[in-house]
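First chain A sits with chain B, and in the next complex the same chain sits with chain C.
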Partner chain A sequence: MSTADTLLDVRGLRVDIPTPNGMLHAVRGIDFDLKRGETLCLVGESGCGKSLTAMALMGLLPRKALRTADRLEFQGNDILSLPEKAFNRLRGNRMAMIFQEPMTSLNPALTIGQQLVDVHRQHRNVSTKEARERALFLFEKIGVSAPVERLKQYPHELSGGLRQRMMIAMALMCGPQLLLADEPTTALDVTIQAELLRVLRNLQEEFGMGMILITHDLGVVSRMADKVAVMYAGEIVERGDVYQVFNRPSHPYTRGLLECLPIPGRHKHMAHLPSIPGVVPSLIGDLTGCAFRERCQYAEDRCGEADIDWRQLPDGQGYQCILPASSDGVASEVSR
Partner chain B sequence: MYRYILRRSVSGLLLILAVSLATFFLMFAGGDPATRMAGESGSVADIIRIREAYGFDRPIIMQYLSWLGGFLTGDLGRSLYFDLPVSSILVERMFTTMRLGACAILLAVAIGVPLGVAAGCHPNTKIDRFALLFAVVGQAMPTFWFALLLVIAFSVTFPILPSSGLDSWKHYIMPMVVLSYFAAPAIMRLTRSGMIGVLDTDYIRTARAMGIVPRKVLMKYALRNALIPVVSLAAAQFGYMLAGSVVVESVFAIHGAGRLAWESILRSDLPVIQALVLCFSLFYIVLTFLADVVNAWLDPRMRIS
Partner chain C sequence: MTQSDAPIFEVNAVSQEYQLGSSLFRRRYLRAVDDVSLQLRRGEVLGLVGESGCGKTTLAKIMMGLIQPTAGEVRLNGKRLADVPRLEVASRIQYVFQDPYSALNPRHSVGRIIEQPLRIHGVGAAADRAQKARKLLDVVGLPQRLIDSPPSQLSGGQRQRVVIARALALRPDILVCDEPTSALDVSVQSQILNLLLDLRSEFGLSYIFVSHNLAVVEHMATSVAVMYLGRIVEHAATADIFGNPQHPYTRALLHSVLAPDPGAGIPDLGLGRTVPNPAQLPTGCRFHPRCPVAVPVCSTKEPARGRGERWAECHLVEGSASAAA
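Now for the complex of A and B:
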């Protein structure tokens, strides 16, 4: 399975958080891998464990959260048992992360320049001048106006879009092989969203980075992803090439998500948009069977009796459901 | 930054003017000063003579301006009790109290901030519980009682420290400890809660995600933001220490400004009270000004408001 091109290899990743009401199984044994230069989109609704998955990969989980896995390898090296000091040398260096909230993710008391220079000098033996040159080089790639002045400015002097560009620059200071982006454009307005996604895409191609993009926006997925993993209640329920998953969604949850996308022509103007009925089950304690069955229109008795086997299709797509793989175009059938 | 300092100085000067006006009218708070100074046995002729001698017969605004002018040139009037220029009594007393206060606030910060950082970084651990105990004891114990306990312990039982006066550095130790133990708990608590709040922010998560070493995250990325409210608190407490040092100065028989203020109030020595109030206010205004400048340096967002 793992080849020289494999950047990240994750098997059976679990994140458990002790709560007063019992153990909360936030991420329930997920598998995926990522090749160099590839973009994987983690999709799912709030609380499905996609952000915690990213934090687990970065080793940045809350102190009381427990991370376990059968295998967790970055560039062929085990990072599961990596001591904190050694892990810290990877962070911001070979793997970096950008966050959802550009307004609060930069330090208000330090200039942009100080923060960018600190990151570079933390991992590379360079002078302040060289670090600033690296920042200006990235600003040009990212499309930052008045780059020299930006270094002297404080975060509160910049707009949300510019702050997110600064976050991207900070993450790329050391030229990481892996970039994790947790809803990087959610807090921004649509025109800036599109522009930033284009910037990310270009940078990824230019630097050959692997990217994990966390989003709940299927529009973003269609524009950015090579591969998609759909998460529900802490599990990956469907995974595959973006074209396969969009054309042949086989898990009822994936189909439901695609149904909820408003498409002019398919949905009447001002009509109620379809939604998936019901709520996500509690993640505290053990779950037997399919976590989606309460909300699934195809649910049968056996869905709740035992854990559902993973169905791997020959072309790489896989899903966790008792239903047979749908043929192309089934999504439009379901909509009727 | 310089524009902020300039703007802040102008508002500080205006405040000083307002305080001087209020202080000046203190003179008339107890009725006609000439009548009061003449005493119960004073005749009408005495009152008129006093009125002319002290210039109470001039228009109020002229009296204020000449009083303010005198203050600016170091002439604070004459003490009614000592019959000496107020400045000759005041300056030394003020310096004594300020020196003691400065030592105490430095000690309070030196203890409160590191303890608060340690507690804030490890909430609900042994170090946190110890810090909390330290704070509760410090805040609950009356200052005079703690001072007396120290005297009993280190001057009586183990006579290693002098119990009164301020003649050598040894004399400073006990009053300094008492005053700083009064101020350190609040500083510790504010540092602790600031640290806990800041360590939970998105920008600290960012710094960690960028692999900045923990020591640097703490000292450069977190502490700077956590200290902003602590600076204002420390300045306010330093001011409070000057005015509130009466108790400590009484216990340790220190001739400081706090004690002088208390005694002058008992003697109705108005010129001295007036000068003390104005000096304390001035000092307080200067302190808050300095605190604001330090905060503007720590937090660039304050420079615009």
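Now for the complex of A and C:
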């Protein structure tokens, strides 16, 4: 499975969090891999475990959370058993992360320049001057106006969009091979979102980074992803390349998510929109069978009796459901 | 749906200025809302869209009578809002908040939260109020067993239903919905939108629907006002805004909507990197520093102010054959 191009190889990743009511199984054994230059989008609703997955990869989980996995390899090296010190040499260097709210991720007491230089000098034997030059080089790429002045400014002096650009610059200071972006544009205006997504994509192409983009926004996923993994209640319930998942969604949850979106031309103005009834099940304790069955219009008795097998289609798409692959277009898609 | 011609709600030439601090010689002002006029008829849903800092929330607060505008007036059923007693305003216009997690008192039960407006307004005896609260649970599609639960036991969608039930308790005519679904998951968003649509037909409600999500506005609104740095730069019926947008800013906003479309890429909006600053309005057209089609006149002369049912405040639109009626 893993090749020279494989950046990240994750098998059976679990995150468990002890609570007063019992163990909360937030991420319940997920597998994925990522190649150089590829974008994987983890998509799902709040509480599905997508952010905790990223935190688990970065070793940033809350102290009491337990991370286990059958395999967790970054560029062929096992990071599961890596001592903290050795992992610190990777984090912020070869793997970096961008968070949703830049204001809480930047140090309000230091100038942007100090923070960028510090990150670089932490990992590289460079002078302050060289680090500043690296920052200005990235500002140019990211499209930061008045770059020299920016280095002297504090985070509160910048707009939300500019702060997020600074976060991107900071993440890229050491030229990471893997970039994790957790809802990087959710807190921003739609106009700024488009601009920043373009920047991220261009940078990724230029530097050949692998990117894991975490978002709840299916529109963003469809335009950024090479591969998509749909998460529900701590599991990946469907995966495939972006065309497969969007043109042939096969898990009822994926289909439901896509149908819920108001899309002009598909739904009559002011008519009822399709919705997914019910709520996400509690992840405390053991879950048997399909976690989505309570909300699923196709559920049968057997959905709750035993764990559901993963169905792998020949073209690489897969999903965890008893139903046959989506009827609309399996034949045409496969023969294409 | 009946849409009578007389507006039930009017905003006439309303402005709101904030003083930003002053030096010995000069005072600086931020004009958050600049000479805005809007009308709402019964059953209408007015979508209000724009970026953060454009004045949407200030305008919504003025409409609620929570802020006295520095100029202009708001009229409710023909009467000046400033002359209508506070309680009466509250019984006609109610607010649906963005974040149902912070809009509900965590120490009160669902029933008590929904009854609260009735209690404040002295409506009925305690038993009547309790019965009304139970009925409102039905109206917003919440099970009766939740009546004694605290909000902490409810999901986000359920909490937003409680917020809506509370807003409906006094049988208002108008709901100001401020980003009512942006804190909710996609699968729950459509449930709340469906509920708002049902309530509108059932009770003849009118909505001011503030949102940054243009796909939602297109689905929900009968007319749309696009706000930029304190002004409504374009106003039209929903089909016209989305089918034939006139203002370059409206067009950029529409391009920024990322509908699911694998392989379509991220559009270039052509807005450049200038960030709008309400404390320092540009000369001429306030949009010209970001406008992809600006011509020299845009930086010197402000476009004519819009009025009527359809307008776009843009020099280029005025000069074209399709000028606003």
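Note that in this section the second predicted complex is superposed on the first by the 325 of 336 C-alpha atoms of A that agree within 3 Å, B and C clash if a C-alpha of one lies under 4 Å from a C-alpha of the other, contacts with A are read in each partner's own complex, and residues count from 1 in each chain.
Here, a residue touches a chain if its C-beta (ideal position, glycine included) is under 8 Å from a C-beta of that chain, and two chains touch if they have at least 3 such contacts.
Every value quoted in this text rests on a predicted model; they were computed, and no experiment measured them.
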{"item": "Superposed partners chain B and chain C on chain A - clash or fit", "value": "fit"}
{"item": "Partner chain in contact with A:T104 - chain B first, chain C second, else both or neither", "value": "first"}
{"item": "Which of chain B and chain C A:M170 touches, first, second, both or neither", "value": "first"}
{"item": "In the superposition, chain B vs chain C on chain A residues touched", "value": "C"}
{"item": "Arrangement angle, chain B at one end, chain C at the other, chain A at the vertex (C-alpha, nearest 10°)", "value": "70"}
{"item": "Nearest-approach distance, in Å, of chain C Cα atoms to those of chain B in the combined model", "value": "10"}
{"item": "Complex interface listing, chain B residues touching chain A", "value": "201-203, 205-214, 216, 220-221, 224-225, 298-301"}
{"item": "Sites on chain A touched by chain C in the complex", "value": "45-46, 143, 145, 159-162, 189-195, 197-198, 201, 216-225, 242-243, 246-247, 256-258, 260-264, 267, 269-277, 279"}
{"item": "Parts of chain C lying in touch with chain A, wherever the complex brings them together", "value": "45, 51-52, 155-157, 185-191, 193-194, 197, 212, 214-216, 218-220, 238-239, 242, 252-253, 255-269, 271, 273-275"}
{"item": "Interfacial residue positions of chain A with respect to chain B in the complex", "value": "58, 60, 88-93, 96-97, 99, 101, 104-110, 118-119, 122-123, 154, 156, 167, 170-171, 173"}
